[in-house]
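Look for chain A in each of the two complexes below; its partner is chain B in the first and chain C in the second.
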Partner chain A sequence: MVESGFSEDHLDVLKELMNIAVGNATASIADLLQTFGTMHIPQIMISDMVGLDAYIKNAIPEEKQYYITKQLFGGIFSGEFLFVICENSAINLGRHLYDVNQNPTDEDIHDAVIELTNILSATIISRLTEELNTKVQFFVPSTERIVGNSIIGQDELLNYHKIIIISTEMVFEDQQIGGKIFILTKDEMIKKLKALIDQKLEELYA
Partner chain B sequence: MKILVVDDSKLARLSLIKTLKEHEPSAEIFEAENGLIAVELFKNENPRVVFLDLTMPVMDGYEALKLIMSIDPKAQVVVVSADIQTQAQAQVLALGAKMMVPKPINSDKMSDILNRLVF
Partner chain C sequence: MTTIQYPNILLDTLELGSIIIDEDFNVLYWNQWLELNTGISSVEIIGKNLSLFYPDIDYNVLKRKIRTSLRLNSPTFYDATHHNRFIEISRTKITTSSLKMMQLQITISPYVVEESLVMISIYDISDLHELKLSLQDKIKKIDDLNRELYQDQMIIDVNLMIVKINDVNEILDVTKAFINFFGYEETDLIGSSLSDMFGEDFNKRMTREPIDAQTKWSGEIKVHSDLKGAVWLDAVVTPISDVDGNLSYTVIFHDITDKKRLELLSITDPLTKLNNRHWFNEMYQNIFMRRHWTAKNSFAVIIADIDHFKKINDKFGHLIGDKALINVAQILSETIRNGDLLARWGGEEFVILLSNVDLYQALHVAEKLRLAVEKLNIEEIGKVTASFGVAVFVNGDNQESLLTRADNALYKAKEKGRNRTESLENLSK
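And now, the complex of A and B:
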């Protein structure tokens, strides 16, 4: 048994459900970009804020500029979806989606990143919650450009006490577009997530 | 009949085997958690069907599929993956997989898969 009452079985279930959800999302983005993408095996970690800080520092080089898009979702299972894409990837995304050779405007890049995040969050979270037999409501996402791992300093992230980090990566090599996905949920939600997974396990072992 | 189920997730293996047993209760089922173990089991047990995931640690499904097809070009490999991109499907079919089906597999889907294989 690991922290927060999650057993290895719970983590395995969550990882596999995320795998299915990210597979669906990669296919949706591949359709949007009319290309082929690579999905990575999702990583699951239950941590406190110190752990999140270390995790983000390890996952995101601090010297680069990034676009970070945040979207809250609510329901029995609620939390925050973060999509982090480096500036070069975001520019390539804008060029590809707007079919232009020169650098797109900041506004166009923002729009492109928001559009990508909308598809990602809707597909991943909807698929994940569908597998857990529950539903969520999405809130309007927001995007900003930041430096490196300063995402950990964002005020709203500091509200987390105990968090579950689900992270993965998708890469569209030909277009040089890649991004990291983090799903953060906290405290009471971790217990609810565990209960939903318990139901899933009961169905499976029935 | 021997059937090999390859997936790094215990849940995915359990779920697939549960559905498989509804249709083939007498099947002798072998499990592997990555491509490397799968290839070894394939060599030793010569299963009639392999259910193979793509995204796995140590050795992924693409590499395992190549090696299995090089051992037995008539191997019946069903790729079961969350990656539902058409190019991924084209790639595994070109490597010799019989078919590629998206996860998760329910009873109807399993019935359809088994009907399309040769026993």
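And now, the complex of A and C:
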């Protein structure tokens, strides 16, 4: 049994559901963006804010510039969806979606990054919540361009939260586009997620 | 569960634009917010294609977004503040003019998926955007100021010798200019005491006083640097209180060694290295002005003259004459009391100012000086002697009268055979 009542069984179920959700995302991207992408098997861990900061910094090289899109999702299972894409990938994405050979404008890049985030969050989170027999509400995403990998403010590290980190990586090899996805949920939400998984387990073994 | 009978009214009460549209951009619904803000009535547009009214929209992009929403059965969001992303609506705000057009946030939600219908919700986020622009502008100004501040700090750091100390005289911070001037390592200085560097006298004079009094202090100090030897510094010590009321002090040093050298040159006799007549005149003037002298609390002037100095020059040459002057100056300097002032008056004459003496004491000092000169034995010349004229300040004296009496007394000593001490005043008085 890990902290916060989450057992290895819960983690296994969540991993399995995430595999389904990620597969769903890959198919949707191929359909909607006319490109074939692959997504890595999601990793799931429970951490605190310091651990989250270290995890993100480990996953994202600090020497690049990134577009970071954050989108909140609400419902019984709620949290924050993060999509991090490096500048070169974002430019390639802008080129692909806006069908231009030259460098796309900054506005096009922003729009393309938000569009891909919409698709990723809608497919992954919607599928995950669908599997958990609950509804989800998405909120307007915001994108910002940052240098380095300090996504979490230093002041935030002082706040103690128990966090579930679900992370995966998306790659469109042909278009040289790659990005990291982090799904974060904290504190009370973890208990609610556990209850949803318990229900799912009951349903599976009924 | 209540069914909303008049959804039109509901949509009109919300402060947002609502369009129902199909995948080919045919308009099925156009709410009142849009009618009022675009000037296009629902009667005009419903049943027609959006492209007839807004031909500049990038319909390929819009189609993809609509398709995404329908396929995923989930809302998609985008920022339509950029040209050709969606319909453009003029903004009527008068008091601020940074935004001519409304900044629109668009949400495309699936409406009737089977019929490929979506609802497009249009939110006016202009005020938010304006705040964002204002914030960005302020951040830019702060960044610019910080950049200027940083540049100024760098200029200060490399050009001004500044030391920050706490109330127990420990060094908290130093500038590069200070480190480079004294040739220390920063790590050696932080945490050490200024008095470790400059001695306890410095600590007592310069920092203890303002620290104890919590006041500003400025002054000149002479300190030793391993790198530069003896240096003169002008120092300004300023107390600084932080938000918690903790006091620290900045000490700003300015190297005035060259200035001091020039000053010293201007008041020093180049041959004997004694202070010169110009310096003496200033001191003499000061002593007259400084306090109220009385018969019981007086001061004296002694004028000394090397006997037969012309003969020495004529016989041994000027170089040997100069040597006699240097030797006499040195012995006078060694013999006077602490606090007495000695200067070369000119030629072979010297002048001495004695504070807080009566005639008896003044004669005693003069006689002591005379004997000291008498004992001199200069290699090329042998013995030299000097005559001394003494005058003590009396009521009614001015600078000239006192000096004249001392000079006349010297004349008297010469008259009486030289190598003597004389005064025009009477001891019995």
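Note that the second predicted complex is superposed on the first by the 198 of 206 C-alpha atoms of A that agree within 3 Å, B and C clash if a C-alpha of one lies under 4 Å from a C-alpha of the other, contacts with A are read in each partner's own complex, and residues count from 1 in each chain.
Just so it is clear, contacts are C-beta pairs under 8 Å (C-beta built on N, C-alpha and C of every residue); 3 or more make two chains touch, one makes a residue touch a chain.
In this text, all values refer to a predicted model and were calculated from it rather than measured experimentally.
J.: Can A:I166 be said to touch chain B (first), chain C (second), both, or neither?
T.: In the superposition, A:I166 contacts neither chain B nor chain C.
J.: Is A:Y98 touching anything from chain B or chain C once the two structures are fitted on A? First, second, both or neither.
T.: Touch status of A:Y98: second partner only.
J.: For A:I44, decide between first (touching chain B), second (touching chain C), both and neither.
T.: neither
J.: Is A:A122 touching the first partner chain B, the second partner chain C, both, or neither of them?
T.: The second partner, chain C, only.
J.: Check whether A:L184 is in contact with chain B, with chain C, with both or with neither, and answer first, second, both or neither.
T.: A:L184 sits against neither chain B nor chain C.
J.: Going by the contact rule set out at the top, does A:L32 touch chain B (first), chain C (second), both, or neither?
T.: second
J.: Is A:E16 touching anything from chain B or chain C once the two structures are fitted on A? First, second, both or neither.
T.: first
J.: Looking at the overlay, what does A:A90 touch: chain B (first), chain C (second), both, or neither?
T.: After superposition on chain A, A:A90 lies in contact with neither partner.
J.: Mind listing the chain C positions that touch chain A in their complex?
T.: On the chain C side, the touching residues are 60-61, 64-65, 67-68, 71-79, 82, 85, 105, 107.
J.: Please name which positions on chain A make contact with chain C in the complex.
T.: So the residues of chain A in touch with chain C come to 28, 31-32, 97-99, 105, 107, 110-111, 114-115, 118-119, 122-123, 126, 138, 140-141.
J.: Quick one: in the complex, what on chain A touches chain B?
T.: Counting only chain A, the residues touching chain B are 9, 12-13, 15-16, 19-24, 26-27, 30, 36-37, 39-41, 131, 204.
J.: Hey, which residues of chain B end up touching chain A in the complex?
T.: For this pair, the touching residues of chain B are 8-12, 14-15, 18, 55-57, 81-85, 87-88, 102-104.
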